[in-house]
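In the two complexes below, chain A is the common chain; its partner is chain B in one and chain C in the other.
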Partner chain A sequence: MIRIRNVSHQIAGQTILQGVDLDIQQGGLTALVGPNGAGKSTLLSLVARLQTLQSGQIEINGQDLQQISHGDLAQMLAILPQVLTSTHRISVQDLVGFGRYPYSLGRLGPKDREIIAEVLQSFELQEIKHRFLDTLSGGQRQRAYTAMAWAQDTEYLLLDEPLNNLDIAASRSLMSRLKSLAAQQGRTIVIVLHDINYAAGYADHIVAMKAGCVVTAGPPQEVVSEAFLRSVFDTDARVIVANDRPLVIV
Partner chain B sequence: MLRLRFLWLILALVVVSALFLTLGAKGSWSFTLWFRGQKLASLLLIGGAVSTATILFQTITHNRILTPSIMGFDALFLLILTLMIFGMGAGGYAQVPKVTLFLINLVLLTLASVALFTLLLRDQRSDLMRMVLTGIILGVLFRSLVLFIQRLIDPSEFAVLQSASFARFNKADADLLLVSAVLVCLTWAAVWRMRHRLDVLALGEVLPVSLGADPRRGQLVVLMLISVLVSVSTALVGPVAFLGLLVSSLTYRVIPSWHHGHILPAAILIGGLTLVGGQLVLERVLHFETPLAVVVECLGGLVFLILILRKGST
Partner chain C sequence: MPHLWLLICLCLILLLSVLSVFVGVIDLTPMALLQDPEALQLLAVSRLPRTAAAVLTGCSMAVGGQIMQILVRNKFVEPISAGTGQAAALGILLSVLLFPAAGLAVKMSLAAATALLGTLGFLALVQRLPPTEPLLVPLVGLVYGGILGAVMVFIAYQADLIQYIDVWMLGEFSGVMRGRYELLWLAGIAAFVSYLIADQFAILGLGRDMSLSLGLNHRQVMAMGLLCVSVVSALTVVTVGMLPFVGLIIPNLISRQLGDNLRVTLPVTALLGGVFVLGCDILARVVRHPYEVPVGTIFGVLGTLAFLWLIYARPRNA
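Entry: the complex of A and B
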């Protein structure tokens, strides 16, 4: 479990987060939603220690985040940032191999190779494993990076808006793949999403943030409603129910 | 394919070195070989040190245009040297053994550059143009300070200083050469040991953290290693601004790999090849009409312009 207690954060005098309290339960897909500038990415980067915690406390499986060494943390938690650019020509297989760095420190053993092959298989990257990243489409590249983070074999995986720049087919296949893999292997995925319908359609839990605070949290069926959209996103939209899941008419 | 290219590089370096040692030799062989062997060693050492420093710097700054000297590293070395001569006077300076001076300068450069560049790299990691400009301005600042102090010192001190502030590939001090060789080899060993970590550090700012390779610490270690390499090359031959850029862009062309285990040895080979080959052509074919530094700087400068223009247009 990730326990976030009373976390506040300021950047250049501006308050980004104020007194966030949140428990992220083990297992399943948790979606972080909220309007632009609500502090979702900042919260994620604090949990992954990309930024220094200014005040409050974060615990992972009962351990204080600040006390965990870089190497140990990399075996517990992986993060994939929003903007992914690479300056070199790396093949998909090599990129996925980087996911094993926390264990292999660059010297891939037989077990690492086995996991890499497995991950390439489950993310359907077999066919393009020798292609270079800069020759791939946006969807394929996102899939390759996600596969790298998956190969890190961590209990927690944090993804910051992975659906950016993906079309509907790529978005749906990435979400359903993540959902089924998380369920199969009992991992915890925290994912920042812009599109509330993807959150409602795939997530097990939704955490909504607004202006640096957590407003509400719970399963999509309980959280997503017309009143919720009005209070969190300041928009009037109709919500219907389809396949047991709420659906926002846009 | 990579293996073949490595073989070619090694072969080329061996041929060029053999030619450099033997071509047009007159008189006693033992003297010629000893004399030219020293020169060859210093050229190989400098070529390797400058190109390693450049590749390392480009890896931690995530771009392939910056080099330590464009960012003012060797100007900082000269500034420290000038301040030392200014402080001690030419007489005092001449009395201290060269090697001691070199080591003092090395330590000071390491401290100063680590302080300076950790500050720079912390805030401006994504803004390439701002970083290039800051570096160039810092370089100009250091050089101007050197010039300013030169106005203040007396002519004999000035002469000592001047011989230290120009690139010269045909004279190197034997004691200094030995110390430098040891230092460079130690640095290479350290770099080789962290080659996998360098691969990860090259992935950007965020992914290394996620993969458990602390980029702050990595950058600090790499900056220290760069300081040693730059100190060695500047102490041996003076500042060379664009050699590193020339060699690194050639290396990325010849060895299209992201493994530092491939890039670094190739860069060392190509660095040596550039200097030894260049010196061979200049000494034996063109009979010293142009100093090597001028040719290398001219070519390297062109490469820099081409890279900048290409980056600007995409």
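Entry: the complex of A and C
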């Protein structure tokens, strides 16, 4: 479990997070939603220690985040930042191999190779495994990076807006792949999503943030409503129920 | 593919080394080596050191350029034109002014220290540039290098050392002799050490956040890279002078052909750097035989052609 207690954060004098308290339960897909500038990405980067915690406390599986070494943290938690390098000429296979770095430290063993092959398979990257990243489409590149983070074999995987620049087919396939893999392997995925319908359609939990605070959290069926959209996103939209999940009419 | 490249580069280096030993103002033939003791002397004092210096310079500067490109995350920079080289030369000049009696070790250490500061300054500048404008980085590098160079020229002018600094500003190998190039082996070692952590550099190339997520000690690897770039630049500037282009063209060429997985490509980059510099030096010796053209001039011509090709040719896809 990831326990976030009273976390506040300021960047250049501006308050980004304000006393955030949040528990992220083990297992399943947790979607972080909220308007632009709500502090979703900042919260994610604090949990992954990409930025230094200014105040409050974060625990992962009962351990204080600040006390965990680089190497250990990389075996517990992986993060895929929002902006991914696209000019680096690394083959898909090598990139997925980098995901094994916390274990192999550069020298891939037989077990690493096995995992790499498995991950290439389950992310359907076999056919393009020798292609360089800069020759891939946006969807393929996102899939390759996600596969790398997956190969890191961590209990927690944090994804910052992975659906940016993906078309509907690539978005749906990535979300359903993540959902089924998470369920199969009992991993915990925290994902920042812009499109509330993807969150409602795929996530097991939704955490909504606004102006640096967590406003509400729970399963999509309980969270997503017309009143919720009005209070969090300041927009009037109709919500219907389809396939047992809420659907926002945009 | 990389193995083939490695093999070809290795063969070329051996071939060019043999050629290099027998090309020069004084005629030297393989037969003479067997009969004439003076020929052996020439070989040991001048020809072999010169050949080794060219190869070492090429290898280490190609690696230094590659590492610099990873540190700055921009493929169009190299240490010699982006301030590191000028800072190193400034360091030598300061050591000449402040500790005129000191030996080569002091000169070199001061040059390495100023090169390090110069590179840090460049990194600090680059971090403030908008990431959406990648071409600003090499331009800022040129301006920054130019300013450092101007400071150096001004100090040299004030101290009446203008002629002295020409030696470092324009790199060439005609002055290389036994006892005057051995520092370059240290540059070679620095390049080799960076190969040992090539995986870390490759991951560093994915960016700060990505490398932190993968458990890389980001600061430490950055520091190692900075050290490698500074040491290589300082040592080559101290011993043979500034040789631009090598650190830019060779890593880009290899990146185009073989990609950026440094564990695989860095040895090829190093060897191709050696081939390029040694080849240019041989050309410099024969173009106006028995006179020499500065090797930097040859670089200028070949380097410009190679750069145009880099800009206009499409990269290989896999």
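Criterion: the second predicted complex is superposed on the first by the 248 of 250 C-alpha atoms of A that agree within 3 Å, B and C clash if a C-alpha of one lies under 4 Å from a C-alpha of the other, contacts with A are read in each partner's own complex, and residues count from 1 in each chain.
Definition applied: a residue touches a chain if its C-beta (ideal position, glycine included) is under 8 Å from a C-beta of that chain, and two chains touch if they have at least 3 such contacts.
All figures in this text were calculated on a predicted structure; none of them were measured in a lab.
**Student:** Clash or fit: chain B and chain C on chain A?
**Tutor:** These partners clash in the superposed model.
**Student:** Which holds for A:Pro81: it touches chain B only (first), chain C only (second), both, or neither?
**Tutor:** both
**Student:** Thinking of the overlay built on chain A, is A:Thr135 touched by chain B (first), by chain C (second), by both, or by neither?
**Tutor:** Touch status of A:Thr135: second partner only.
**Student:** In the superposed arrangement, which partner chain does A:Phe233 touch: chain B (first), chain C (second), both, or neither?
**Tutor:** Neither partner.
**Student:** Once the two structures are fitted together, what part of chain A is touched by chain B and by chain C alike?
**Tutor:** 48-50, 70-71, 73-75, 78-81, 84-85, 87-90, 94, 98-99, 101-102, 105-106, 149, 152
**Student:** Which positions of chain A touch chain C when the two form their complex?
**Tutor:** 45, 48-50, 70-71, 73-75, 78-81, 83-85, 87-91, 94, 98-99, 101-102, 105-106, 130-132, 134-135, 149, 152
**Student:** Inside the complex, what are the residues of chain B that reach chain A?
**Tutor:** Residue list for chain B touching chain A: 62-64, 195-197, 199-200, 202-204, 206-207, 209-214, 256, 258.
**Student:** Inside the complex, what are the residues of chain A that reach chain B?
**Tutor:** 48-50, 70-75, 77-81, 84-90, 94, 98-99, 101-102, 105-107, 149, 152
**Student:** For a test of understanding, state which residues of chain C touch chain A in their complex under the given definition.
**Tutor:** So the residues of chain C touching chain A come out as 73, 75, 197-200, 202-203, 205-210, 212-217, 255-256, 259-261, 263, 315, 317-318.
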